[in-house]
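In the two assemblies presented below, chain A is common to both, partnered first by chain B and then by chain C.
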Partner chain A sequence: MSTVKVPIGPQHPALKEPINFTIEIEGEQVVDAKVRIGYNHRGIEKACELRTYVRDIYLLERVCGICSHSHTTTFTQGVEELLDEDVPRRGLYIRTIVCELERLHSHMLWLGVAGHEIGFDTLLHYTWRDRELVMDFLEMISGNRVNYAMNTIGGVRRDISKDLIPTLKKGMDTFRERCEYYLKLCSEEPTVLERTQGVGVLPTHMARKLGAVGPTVRASAVDMDCRKDDPCAAYDEVPFEVCTWDSCDVFARVAVRILEMIQSCNMIQWMLDHLPKDEIRLKLKRRVPEGEVLSRYEAPRGELIHYIKSNGTDKPERVKVRTPTLANWPSVEYMLKGCYIADVPIIVASIDPCISCTDRVTFVDVEKEKTWVWDSNQLRRYGIEFYKKKRW
Partner chain B sequence: MAVLDKLVTWSRVKSPWVFHMNCGGCNACDIEVIAALMPRYDIERFGILLVGSPRHADVMIGTGTVTRQIAPRFKRLYEQMPEPKFVMAVGNCAISGGVFAGCYNVLEGLDKVVPVDIYIPGCPPKPEAIIDGVAKLLAKLQGG
Partner chain C sequence: MPRPAAMEPELLRNFPRKPFTVFYPFERLPPFEGLRGRHILYLKRCVGCGTCAKDCPSAAIEMIDWPDEFPQELKNKAGKVPKVDLGRCLFCEQCVESCPRDALEMTQEYELATFDRKAMEWIVDMETE
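Take a look at the complex of A and B:
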């Protein structure tokens, strides 16, 4: 049978951002996949060079609206290293608490999206309802729901008041209960198991070879976590386990993310119990001495890297951002090869892409020279129908 | 004829279908738009339905500053919508370019490409603000 090329994207994302995939299919199976990015290129790195370090924090927070705190954490700790200053412990603890709250809301959001892609919309609505709990806490702490503006060079900008601590701790209990419920649900519910087990397999040696990061690599049984390997902020003091799973498929990625959420709840409670009493921030000078630094942090999607080069003024000479999603694209290409068309949405979603779209699909049949267009809803529906037929 | 017009307006106000388009934003406005559709805020109770195709939509919700690569596609999607059509610009980027104003690859706002009916400021606007914007748009629909 001859192969057929299927371009997916870049237009209109229902949940996600624009990207283009070209998928080559043979009957039902995908034989090759290519990713094209750049629809969301805004020129942030160049803009960073034109602004001062303090204004860059505001800008870098808006690289991504979901891991906004991760970007500022990585950037500020890089600048703090260039300045060679120690940030007060309380500041670091609060920074870490917000980091973990962000991980909670990001993973919860992802779980909902994964549920949506496999046609399990009840899960989407459940998880997004529970996610609002974390959004409320973030709003209580920082005053904002999405871009928290917590980080600054030398610490954080807002303190966590004494009255808030019991509410937060109680909330984390509730949230952990929900996570345990989702873990039970996902490992018992046939709808989830049938669509995730054995789908999008990324073997351990390939995960290492392709340089996958974050929950994607941990779901391939590789014990790699920046928080453990190269601890930043308060991660060297907080007890936690690196969650891995060895089935290497989409189900493993679901399990790893839920387990990580449970760990994060425990970490937040531990940090609230052991919050140091000193200052939250240190006033640092605006001029940064000459030098360069590579700053790493484990964002919800994986290892995030900022490279900052300073020339002794109050503006950086170069800022380079390497996001985890970029590191995971080669793995997606590998996972898509040999899968069914029906599984494309969930496989692409399984790495939790920050820029993505399976929304507008053009099918080109080479033999009949016919073109037809599908949007993501149709593709998703096709996937659900395909599995219904397969089962009966 | 007047009765028919009234009926059309009534049905349109009862159930406007929206189409969400990210023109190069940072995801923040997008997750807030989705949050507005989810159980806590649930704008679906006003009959508002998120659709995947511009051909089915009455209202386009645009987020993000328009990047040069997406601009022609955005325009094409707008042209695919049936008349009458409305555009909501959600977030500071969609209004004026926001924090990305002055970047080499952005056009600074949706209204540089297509006409915009409602502007919702905020970085990102809260779901309540988005719902308020939708309510104002519905009032506008009723008026004409």
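Take a look at the complex of A and C:
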């Protein structure tokens, strides 16, 4: 059978963000996939060089709306290392608590998105309802739902009050129960199983070879987690397990994320019980001595890297951000090979990609030199219809 | 093991419940303590140093000359006052943190949508010491 090339994007088939996939198909099956990125250059790194470190924190917080705290954590701990200062333990604990709350809401959001992509919108609505609990906690702690502005160079900006601790701990119990329920549900619900098991397989050796990170690599049975391998903040003291799953498919990514949420709930409760009594922050000088640093942190989507070069002034000379999604694109190319067109949205969504938003997909039939345009909803609907037909 | 209708018990359990969504603006949830809303400037405390403007990540604060409508007897030595443009503000609270005199504070006022650009400004408090 002859192959047909299908360019998807620069807009995204699964999430509403600009990226380009050229997918070669043979009938219903994808034989080759190529990813092209770079449609959403915002010039943040250059802008960082023109601003002071203090102002950069808020700029970098806006690299991503979901993992905003991850970016500031990585950046501030890098600058703290350049300044050669030890942040007070309480500050680090609070930083880590917010990190884990962020992981909870990010994974819960992803679970809903995954449900939506496979046409299981009930799951989307229930998970997003439960996610509100964490969003409320983040707002109680930091004063904002999305860009918390908690981190600052030398610690965190707000303390967690004594009265809040019982509420948080109780909330974590509720949330853990919900996660356990979703784990059970996902391993029983036929819709989820049919659309995720054996789909988008990334074998262990390929995950290592392609340099996948975060839940994507852990779902391929590799216990790689920056929080364990190179502990930052309070991760060296908090007990937790690195969650892996060995079926290497989309279902494994669902399971790993849910298991991680359960771990995060335990970690938050442990940290609230063991909150040190010292300061939350240090007042540090604004000029950062000359030097360079590579700061790593395990963001919800995987290992996040910031490279910071300072030149002795109050502005950095260079800031480079390597987001986890970038590291996962080669794996997506691999996973798409051999799948059905109908599975493209969920496979792409399975790495929890994070780019920025638009909404159009172009299909080009090279043989007939015909072009047609599908938006992401149509592609999603196509996937759902395809599986309905297949089943009956 | 696949089990058809695995979610049904959960759906039935939630069926008699109220909708989770709050029908804003008819129903309002009280904001949490510590929410970052519109700024308030305590004029008597401000010395016009401009630190807040320097640290503002989105350059939302402009140091303006003492406006005529402000009481002249309160005028600080620098003769300057920070003006916050809420249209540019990120509500990060860095200005409040940077101010050496605690002259800025954030209120819990969050409903700031308006048709009038002039309304997107801070509140000036001329009384509080």
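Here is the rule we use: the second predicted complex is superposed on the first by the 383 of 392 C-alpha atoms of A that agree within 3 Å, B and C clash if a C-alpha of one lies under 4 Å from a C-alpha of the other, contacts with A are read in each partner's own complex, and residues count from 1 in each chain.
Keep this in mind: contacts are C-beta pairs under 8 Å (C-beta built on N, C-alpha and C of every residue); 3 or more make two chains touch, one makes a residue touch a chain.
Since the structure is predicted, the reported quantities are computational estimates derived from the model, not experimental observations.
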Larger contact residue set on chain A - chain B or chain C: B
Which superposed partner A:L59 touches (first chain B, second chain C, both, neither): both
Would you sort A:N147 into first (chain B), second (chain C), both or neither based on which partner it touches? both
Once the shared chain is lined up, is A:R157 touching chain B (first), chain C (second), both, or neither of them? second
With both complexes overlaid on chain A, does A:G43 touch chain B (first), chain C (second), both or neither? first
Partner chain in contact with A:R129 - chain B first, chain C second, else both or neither: both
Touch test for A:E188: chain B only (first), chain C only (second), both, or neither? second
Across the two complexes, find the residues of chain A that touch chain B and also touch chain C. 58-59, 129, 132, 147
Footprint of chain A on chain B - complex, ascending: 19-22, 24-32, 34-35, 38-40, 50-54, 64-65, 67, 69-70, 73, 77, 98-100, 102-106, 123-124, 126
Note: in the complex, chain A contacts chain C through residues 51-52, 54-59, 122-123, 126, 129, 132, 136, 139-140, 142-144, 147, 149, 152, 157-158, 181, 185, 187-190, 193-194
Can you list the chain C residues touching chain A in their complex? 1-4, 6-7, 10-11, 20, 32-36, 55-58, 90-94, 97-98
Sort out for me which residues of chain A touch chain B in the complex. 10-18, 38-44, 46-47, 50, 58-59, 62-66, 68, 109, 124-125, 128-129, 132, 135, 145-147, 354, 359, 375-378
